[in-house]
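Structures for review follow.
Across the two complexes that follow, subunit A remains constant while its partner is subunit B and subsequently subunit C.
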Partner chain A sequence: MNDRHTPTPQRSLFDRLADMNETTLAALLLAPAFIFISIIVVYPVATLVWNSFNDVRLLTGAPSRWVGLENYLLLLADAQFWRATKNTMIIVLVTVPGSLVVGLGLALLANMPFKWRGPIRLSLLLPWATPLAFVGLIFAWFFHSEYGVFNDLLRRLGLAPQIWFNSPTLTMMAICIATIWKTSSFMALILLAGLQTIPKSLYEAADVDGASKWRQFTDITLPLLVPSMLVALIFRTLTAIQSFDIPYSMPGPGEETQTLAMYIHMNAVDYLDLGYSSALAVVMFGLSMATTFIYLRYVKADGK
Partner chain B sequence: MSATISDGSGGGIFTGKRLRWLAAGIVLLNGFFPALWILATAFKSEIELTAKPITWIPHSPTLNNFIAAFRDQPLPHYLLNSAVVALSAMALSLFISALAAYAIARLNLKYRGAILTSIIAVSMFPLVTLMVPLFEIMRGLGLLNSYWALVLPYTVLNLPICTLILVSFFQDIPRDLENAAMIDGCTRLGALWRIVVPLAAPGVFTAGILAFVNAWDEFLLALSFNPAAAYRTLPVGIQMYQGEFSFPWPTISAALVIAMIPVVVVILIFQERVVSGLTSGGVKG
Partner chain C sequence: MSGVSLQKVTKVYDNGTKEGVKIIHGIDLEITQGEFVVFVGPSGCGKSTLLRMIAGLESISGGTISIEGRVVNDLAPRERDIAMVFQDYALYPHKNVFENLAFGLRLRKFSEDEIKKRVNDAAAILKIEHLLERKPRALSGGQRQRVAMGRAIVRQPKAFLFDEPLSNLDALLRSEMRTEIKKLHQRLGATTIYVTHDQVEAMTLAQRIVVLSGGNIMQVGTPDAIYNQPVSKFVAGFTGSPPMNFLQGSLGVCADTATVLLTDGVQLPLAASWLPRLAGAHGQEIEFGIRPEDIGIEAGAGFGAERAAMSGTVVVAEPLGAETLVTFACAGGEVIARMPPSVNYRPGEAATIYVDMQKCHLFDRANGVAL
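Now for the complex of A and B:
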């Protein structure tokens, strides 16, 4: 690390800047990043926590007022908050394992020795690159009660078509299917990279020992994929907790399928009630931190 | 492709040519079907759209939906807004993270790990959580409905992934090259600019593409901060085709097809970069 160079004759301000002590230079180079992070993350999060203990309503224009835990007590008694949390949890519990299973399936399929890998890779990249808000709209169209492709398939199979967005349960199902489609391809890309790091010799040895393909899968492939899975799962869970774009673009009846993020957005942007929405956001922040913490403990326990 | 569970010789769960075609078919259908369906819808006439059973391929393709997509909403303007915001955020986050990554990868630095971790920790903050206070701050500063309202947050949100990718690329560049340049009279910053950045170009590209796509796709902040037509980005603008009780699906589909073109072009050209960028973050953790 000590590659101090001999000082060159100083010519201009730029050169003098560049020839300064390494630590000072490092501080200067890191400064923009940390200034931006302070303005866009640290200061806002501090404001958020402060606001959550205050009554801040931009609509009335009244000055903010310290109310202690009132927002949090309000929240505990708020049925809409609980419903939003329940919907969010359903999305987390269904789509995180869902996208892992579908993603693993896609990764195993895509890992076969194809001649044209380009189209396969593109078919995994396209869902990743499609904006979530677009995915929501596309699947809302898929699940259209009259002209949607899902109901058409049901009819062709001789089943009864459904009015998907009239029922909270069916809407949640549609939301989860759209979310799994959107996120499983990213999962597949990560797992595919993991698959390709597994030495082929392991399988050859297993073949010699007469292990079945299924045993090879459960005893070699799965355990060796765990590290890639964990990293992908942390991010998948964190984004599932924040589900907004897809449920927003696929609304069910009334506000029955509102997620926590949608409820926060409604309180902040539509009602301009920053005190209450801040308390809600702090709860979501807590959920995310708890998730990260649990995963990280698991990663450590896993010896990685 | 040397180590897989399914490489021909080693057999695999799926063997045989037919199964391979089936596997390819499933993967391709899963990835492309929604896009193809939207494409088909975009070319259907109103009459064909409401026909039952629904037709899978338009019988008499029409361009009317595309005309409607441009007529009903200022679609080119949305495209322009998305491009301005995504490209500015990309450039800014690349610049800031290149400086930081260089310091982390190359300079004599205490707490190197802690500094990198604290930049990466930004990605652990839920966007919704940041949206609430940022909304108040942007409103207070009069920045709602402006490019800044999105460029500033997107820049910061992209710092973790850009810094992570650039640090690993900078570390791979031989120090000798840089030292040689400095012996030849280059300053340290000169060496960064003339030697390190060009050699790390693949990394800069990769980080840039991911930053661009992230900013291009973002919806929550765009919806919350820039609802005015003049500053709407594509994901928000696309939602505006629907009336309170009407969903003009063919028009929406046509707009979606147009809106997808830039992203499809990006992944077509840069697919290998994108994959390596995504997986380097994931596998190295």
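Now for the complex of A and C:
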């Protein structure tokens, strides 16, 4: 057969990709992810930041107008913003350590070798799988002044029942209790995974070395659980900063127990003031980023 | 004086049934103070469980364990004054080497000066002084092994327990650490119980070997006794590398001669010293055992009661440098022979091999017991 008549075989897509230089190939392969993230993250965040420097009030019908830092100056002088921030910080400072402690207790319990460990672990998932708003509604009933189980408990203990949602302090307490109940199981799941990575032989070595159960906990379990705790704390703190559903479903008197996320929601959805609510959202975004940054510094320092 | 004493020690695991699963069947063993004893056996023979029972990490279901005369059955590990080296070393990953060694001393409320002195002494013995500041993850396998041993020796306990401590090391490091452990024992003279599945470790380290199988002691003896006078086919096959060769056959016993009859009509005359033991054993089905080093290719002093000839075919020759292992097909089976490196066999070649009949072993084929 004459070679000259043999048709050149069709070059496959893979052959052509292989011939490309590495930079072009890398760009090509990264492009889909880059485009996707641009659409769902970069574009909305950029729009948010842009809006925060503009007066965008949908109710007035006026076109949006560049106002520079005016929205930010406004919020610095806004008492309602500071109250919402304070409430949010209270939720962060109470429920993050609270759920860490409760979650650690649950994780230790679920990690113990006993017969009903399987069902216990499964039941750990339950609060985690329950929708936030649902938890808020359930706990609003628990704390109901007439029919609530908490007041019933107080009465049985011979204490005076409370009108929980009449007092900002009591409402915040109720919100924190509901939040800790809801979020501890998530903490417990992450910590349980962490506990299971600690080799059993370390406890045996400590046992032979002479460590009591308490010393084993403080000298082995806790230090080796730090990485898992940091991961859990990052997630937990971020969701606490963004607290919305539970405080929204368990409102106190007026707007006394409003959180930052609720205040943003009010400005954006009720007042249709996208400029001001964007500025508030940027502040919350900044808080979240700062928290993550601080924790990551810890994680890095721990890895050294 | 008694170091560690086991009397009728049993272990039963609960498996839901009334009687449970018995995995240690009434072990009796006396270990004298300062003795180095190795528990050896295949996986699942109960050797690690037995060690952990002595340590207090596993409860005992029956019997008595005493350490230096004190019954420790119901004492927690920390009250038994023992130290243990684990297979995975079990070093505390967040503590540096110094703190790993010091932890047990701190818990026992030693003074800071005493802790420093003991840790430094142990570090000097194990040549890890330069590693004291490092975390375990920055150490090599051999260094971790040393730290694990250091943690045991700082405490100066009544007994050292080793649970397969060398099995995570590569071959070269393993033989190096084996020597270190032996030196350490010679230096400290502490009662040591060492668990391994590696018969080389058992042979080289032990003053006495305890061969275990299925939760029972098969034989207790010096390495020499275990190697040269195994009480059963199991023990014989477990020691030596390569292990003892076994060929199936039967006995031909007359008034003044005894012969091993192998398949294919091979007959090997037994030494006269066997006769008293073989009375009435004519026709008994046996396993004929011979170690690789007791097979030769030269006729030597001649035939007769001491050396017997067999013809075979070379299957494979494996040169190891100092020696060559040659596998022969003969008498219906295969035997491995330890040969000088000068031999030059080709597969398929016919050869005559000589068996040292004074060194042979006979086992009852039915129950494996040595005759």
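In this text, the second predicted complex is superposed on the first by the 267 of 304 C-alpha atoms of A that agree within 3 Å, B and C clash if a C-alpha of one lies under 4 Å from a C-alpha of the other, contacts with A are read in each partner's own complex, and residues count from 1 in each chain.
One rule holds in what follows: a residue touches a chain if its C-beta (ideal position, glycine included) is under 8 Å from a C-beta of that chain, and two chains touch if they have at least 3 such contacts.
The shown structure was predicted, so the numbers you read here are calculated from the model rather than taken from an experiment.
Within the superposed three-chain model, A:Val96 lies out of touch with both subunit B and subunit C [touch as defined at top].
By the touch criterion defined above, A:Ala240 reaches neither subunit B nor subunit C.
Of the two partner chains, subunit B and subunit C are each touched by A:Pro199. Residue contacts after overlaying the shared chain place A:Asp207 against subunit B and subunit C alike.
Of the two partner chains placed by superposition, A:Ile180 touches none, neither subunit B nor subunit C.
In the superposition on chain A, A:Leu225 makes contact with neither subunit B nor subunit C. Set against each other, subunit B and subunit C touch different numbers of residues in subunit A, with B touching more. Using the contact criterion defined above for the overlaid structures, shared-chain residue A:Met250 touches neither subunit B nor subunit C, since it reaches no partner.
Using the contact criterion defined above for the overlaid structures, shared-chain residue A:Ala84 touches neither subunit B nor subunit C, since it reaches no partner. Counting contacts as defined above, subunit A residues 199, 204, 207, 220 meet subunit B in one complex and subunit C in the other. Here subunit C touches subunit A in the complex through residues 55-57, 76-78, 82-84, 86-88, 90-94, 103-104, 107-108, 151, 155, going by the rule given at the top.
Only residues 1-8, 10-14, 20, 23-24, 26-28, 30-32, 34-35, 37-38, 41, 49-50, 53-54, 95-97, 99-100, 102-104, 107-110, 115, 118-119, 122, 124-137, 139, 152-153, 155-156, 159, 163, 175, 179, 182-183, 185, 187-190, 213, 216-220, 223-224, 234-236, 238-239, 247, 249, 252-253, 256, 259-260, 263-264, 266-268, 271-272, 274-275, 278-279, 282-283, 285 of subunit B touch subunit A when the two sit together in their complex. Remark: subunit A residues 1-5, 8, 14-15, 17-19, 22-23, 25-26, 29-30, 32-33, 36-37, 39-41, 43-45, 47-48, 51, 56, 58, 106, 108-114, 118-135, 137-142, 144, 146-147, 149, 152, 155-156, 181, 185-186, 189-190, 192-200, 203-204, 207, 213-214, 216-217, 220-221, 227-228, 231-232, 238, 241-242, 244-245, 248-249, 260-261, 264-265, 268-269, 274, 277-278, 281-282, 284-285, 288-289, 292, 304 touch subunit B in the complex. Residues 199, 201-202, 204-212, 215, 219-220, 223-224 of subunit A touch subunit C in their complex.
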